[in-house]
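Below, each structure is written out as structure tokens.
Two complexes come next, and they have one chain in common, subunit A, joined by subunit B in the first and subunit C in the second.
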Partner chain A sequence: MYPFGKGAARLMPYLLLSIPVLLYLLLGFGPSMVTVLFSFTNASGVPGQTWNFVGFENYMTFFTSSDSGDRIASIGRSLYFAVAVVVIQNAVGLFMAVIINKKLKGDVFYRAVFFLPVVLGVTVSGLIWQLIANPLGGPAQAMMNFFGTSSNFFGDYDIAFELIIFVQIWMYMGYSMTIFLAGLQSIPNDLYEAGYMDGASGWKAFKNITFPMIAPSFTVNMLLSIIGALQTFDIIYVLTGGKFNTTTLAFDVYATAFGSGTSDYGLASAVAMIQFLFVFTVSMIALYYLRRREVEM
Partner chain B sequence: MLKKSFSLLLVTALIVVLAACGKGSGAAQEGNKKVTLKIIHWQQENINNYIKEFNKKFEEKYPDVQVEYTTVPADSTYDQLMQTRMNAGSSGDADIIPLKFSFVGAPQEWSKGAADPMWKQWIDGGLIADLSDQAFIKNYNPADVKNAMTYKDKVYGVNMGKVALTGLFYNKEIFEKYNLAVPTTWDELVHVMKVLKDNGVEPIGFGGKDVWPINLAVQGLQASIHDDQLAYIKGLWTGKTKLTDPVQLEVLEKTQILMNNAIGGFMGIDYGTLPSLFATGRVAMIADGTWDATTIQTANPEMKFGYFPIPGSNDPAKNKNLAGKYDMTWMVLEKSPNKDYAIKWLEMLSEKQNYTDFVNAAGFLPTQPDVKISSEFVNEIQPSLENFKLSWDQLFINRKNVGQYIKDASVHAEFLTPAGPLKTPLELAQKSQADWDAAAPK
Partner chain C sequence: MSSTKGTKLLSYIIVLLMLSLYLFPLFYLFNVSMKTQSEYLIDPVAIAKGLRLENFMDAWEKGNFSQYMWNSILYTGVSTLLTLVISVFAAFPLARGYVKFSTFFYVFFLISMYLPNPLIPQFALINSLGLYNTQLGFILLKTTGTGIAFLMFVGYIKSVSRELDEAAAMDGCGYSRYLFTILVPLMKPVLATGIILTAIGAWNDIIGPTIYLSDPAYQPVTKGLFSFYGQYMNNWPLLACGILIVTLPLVILYIFLQRFIVGGAMAGAVKS
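And now, the complex of A and B:
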């Protein structure tokens, strides 16, 4: 009943928990609150400079200044990115999970291969694709040349953003696959046997048994990829640095805070707040529908 | 009982870990009483190599100092590093920080509402040490001290030299092979590009992936096409001139012609590979700054190459001079715990012999008098430097929160075909002017 004994020793769990709580308050929650505070000031981020409260001025700047058009375009791009990544990444992940779950030979090998990009990390993945797309002797360019054409790949306004989406999916499809695989392996075989007796096999079995049974992993995957996609900054930084119309809302936060020559922490904090509200709203709506679907099933 | 002692052990372990994180490498510092002098810099191979060598010499002279020299990519990565180290303040995360240029871009009386550049905010905030009374400042040309190292009548930095950036490197052997002379007018440049193309040689290489290297060529055209760049920039603020004026349209049109003659896929080539692209003879010319001459030479020691100002105009007199900037300005942090050593470091670097070695390694034009330049390259371009002008990016002052067509360097030829989506220079000029107008202070 008392895993930590009686008397004062009972406080031990609270003591242990208080350490991560303190760390979180200090390093996570605290700075977040400062961001909220900063978003209502004209703080420049330079030590020694005074700063004042300016109310909603930074938020007004976001929506009404000369570059608001670019900023609103970056919100649109974030949404486009999220939809493309969520749909394709999970479809591919589920497809691969179902195939690997068939207990074919060497499934461990396939699992490892598809999961590898997750282990590599963003910088290495970015580098790999940079090298592939290198216009001076990269394999992708060589292939284009073979067909008598050439491309700028990550330096091309028309396709740079789509290429980033592709790399993002390539990086994280193994992650989705693993979660789906865990869900698939928890389905008892009896269900399929019973279904087989009732004449359900192939697509029917997938639709009526597999898919409903993996609803929890579906929810987890959808939420993780929605939040992940809306917050994507790293891969854009590595591949294009936000150039060639590849800036998303999350990248805009970075560009405003650390951009060229001047720094405006007030405005950057406001952009971060807008980013937070945006991600929060979208994921809450998604969560509502996903949970409702789980219950219905 | 076992559980209790285990949990106690766990807590103790955690506390030890936390405590260790708190005071850094306390144990290590006790071992050797060395002072760590922290210097940050951007990556530029020839210069980095020299500074590393110099640091060794410095450590020999001051045995109790250990120099920690950190380099990161020259793009926004460096800007960000500079900013975070500067903000760390007295915690001693950096002692010496170089600016990528000199003290330019401060708002003028004609540029109402322009943003303060970072360096100005830092100096105003009392973060940068005042070097006015240091004896070694006298080693430098008084004119250069005034132009590049002084702000509000006080010296806050040590500028290491000037660079020109508005020219093209050209491969002398390729030029000889096709009987081409160095072009002195725009028409001649067009002819050179045509001859090269007809013979299956790629005329020009750009580091398009990083975008700003394209702007070097734009600035070359601007320096030769505009009669007075500063008057034009002032005019933009007062409304006398427009980004759609014929003179600026001419700049964009000619940039587009240069890009149309560039090697295929140039928008995928990053700045770092540009010197090797040129040194291996895959392109006949590249748009780059004079600071890369030593990098090219290292990449191919056999190579014969030269540098000429981009002739934007058909009047050779207007094309004669190179434009550029004051490069690298070292600043000492006022609150640095090792301020004395930081100043000693600058003092030693400013000594005649060390400075001469630096300038020759960097390929800079000296800001100290009577420096012997060993570089054949620098001596060769000397005539184009006699009336050295400041380039567009050193003169331009931007408005706050401007849109993407006028942001940063203010001319964005990368939006033009073949690099970008816009077909005509006029379209780009109109969008730029619209962004500029929209950002006007209300």
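And now, the complex of A and C:
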């Protein structure tokens, strides 16, 4: 029941709610839907050019034009990025959460330090790693010299993408860890005591008590990192600008629409749609299995 | 209990190794910032010969950071404030079911995570409204009532007793007055975390300014730092100072607010 009066007073919540709804329709939901339309047109950022309906031409271009090798490779790279980031970031995050949850001295400090890169942001974090990987004598190079090899790091076709994945995990491990910590701290201690009576300690206790009990924070972490990883491209923008075999679908959308010398909105929208289908499918499959795991326990 | 002692020791060793992976980059950054260019070129990894604070003054002026900082403060401040107010407008009636189709609206907002990337039509729209390269346009883009703050607020408001609404209404308190004079003060903890997480997102955005703000006079500090990097690519001591200048206010703020931030990340993640 609505307590704040009747008649005109009943309209107040609608009036205030209409502000976020309109803003979202105008700048979020609306543009999202228009992306679908754009993907079937030859829309471009060139002034004065007319926009026509072209059917599936942009999608054909994506898969069959002369440079579609790179574009198709970016699908594989997006998946590689997502799998590596989701698995490593959450594994390390969970591991560190379990360790810090052992009531170590200074745990507040550790938590703060591991979360720090999120606060610093992608530009600062990216440039810090550029400095470390500076091929003209940064500490990473000094280490390589020690082993008698050298590398151009973020300018190296073979490892630039792996380095980006490393920086991404470095940035957000603390975030995953924090969410796991929240889950761990909600487990009542008697569970472990009861488990100990039944002979469950160490790995057994983790497998049979801890892991099932943190199912909700596991779901949150997995979904956040899957969606996040498949849509991330600012880190690529900062570290390599998409050069040296480091483009992903998300980066391709940006580069096709706003890259230097190109403003093909139609094609970029088609890439965005392919990315959307990709993100949607992967996260729905993940959600299905994660929910089932939560129900089973 | 010797095994527990052993695992504790091992835990400390692992934490220490991990800490060095997070703190070494910052120490190294500071070390480089204290060098002269020739000192850096001779031996980049060596410890700096002394404190050279004038490097910072130099970077501050060459990088035009006062302009960029001011823009960042403006964009982050205004868009965060608006986002918070609008999120309360959306979260309260939806958490309580005071409007028809509350669940529908909630899900409608929630799916913003999954929708196709709106980047391109958004740009076309801002362009055709004449808001490209304007501070107003950028603030508008950074303002949303459907983000993390909204999700956290819905969860939190559900834990505030509904009887409070009824009691206040009985005493003749209107809807909007209730929101601002009773509900908002009650939401202080979740507001603090909402402010921090929203502000971190707005402050650190690099893609937004790259797309929407071509005039350096309007760019925020992230974009400014990135341009500075492009310009002084080979002068790492100067660059390191630039990075530290951008980093320091955030680190200081973070030291004061870190309990809120970490707690807020937890609350935001688990309650939504």
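The rule we apply is simple: the second predicted complex is superposed on the first by the 285 of 297 C-alpha atoms of A that agree within 3 Å, B and C clash if a C-alpha of one lies under 4 Å from a C-alpha of the other, contacts with A are read in each partner's own complex, and residues count from 1 in each chain.
The working rule: a residue touches a chain if its C-beta (ideal position, glycine included) is under 8 Å from a C-beta of that chain, and two chains touch if they have at least 3 such contacts.
Keep in mind it's a predicted model, so treat the numbers as computed, not measured.
When the two structures are aligned on the shared chain, A:178 is found in touch with subunit C, with no touch to subunit B. When the two structures are aligned on the shared chain, A:224 is found in touch with subunit C, with no touch to subunit B.
In the superposed pair of complexes, A:152 makes contact with subunit B only, with no contact to subunit C. In the superposition on chain A, A:44 makes contact with subunit B only, while subunit C stays out of contact range.
In the superposition on chain A, A:60 makes contact with neither subunit B nor subunit C. In the superposed model, A:134 makes contact with both subunit B and subunit C. After overlaying the two complexes on the shared chain, residue contacts for A:83 are found with neither subunit B nor subunit C. In the superposition on chain A, no contact is made by A:285 with either subunit B or subunit C. Judged by the touch definition given at the top, the superposed model places A:275 against subunit C, while subunit B stays out of reach.
Judged by the number of subunit A residues each one touches, C leads among subunit B and subunit C. Once both structures are placed on chain A, subunit A residues 3-5, 9, 12, 16, 19, 45, 134, 136, 258 are touched by subunit B and, in the other complex, by subunit C. Residues of subunit B touching subunit A in their complex: 3-4, 7, 10-11, 14, 18, 75-76, 79-80, 83, 86-87, 89, 105, 115-118, 121-122, 124-127, 208-211, 264-269, 273, 277, 282, 399-404, 407-408, 414-415, 419-421, 435, 438-439.
The touching residues of subunit C, when paired with subunit A in their complex, are 7-8, 11-12, 14-15, 18-19, 21-23, 25-26, 28-29, 32, 41, 43-45, 86-87, 89-90, 92-94, 98-99, 105, 108-109, 112-125, 140-141, 143-146, 150, 165-166, 168-170, 173-176, 178-179, 200, 203-204, 206-207, 210-211, 222, 225-226, 229, 236, 239-240, 243, 246-247, 250-251, 254-255, 258-259, 261-262, 265-267, 269-270, 272. Subunit A contributes residues 3-5, 9, 12, 15-16, 19, 44-49, 61, 65-67, 69-70, 133-136, 141, 150-158, 241, 243-244, 258-264, 267 to its touches with subunit B in the complex. For subunit A in complex with subunit C, the residues that touch the partner chain are 2-5, 9, 12-14, 16-17, 19-21, 23-24, 26-36, 38, 43, 45, 96, 99-100, 102, 104, 108, 110-124, 127-132, 134, 136-139, 142, 170, 175, 178-179, 181-183, 216-217, 220-221, 224, 227, 231, 233-234, 237-238, 250, 253-254, 257-258, 265, 268-269, 272-273, 275-276, 279-280, 283.
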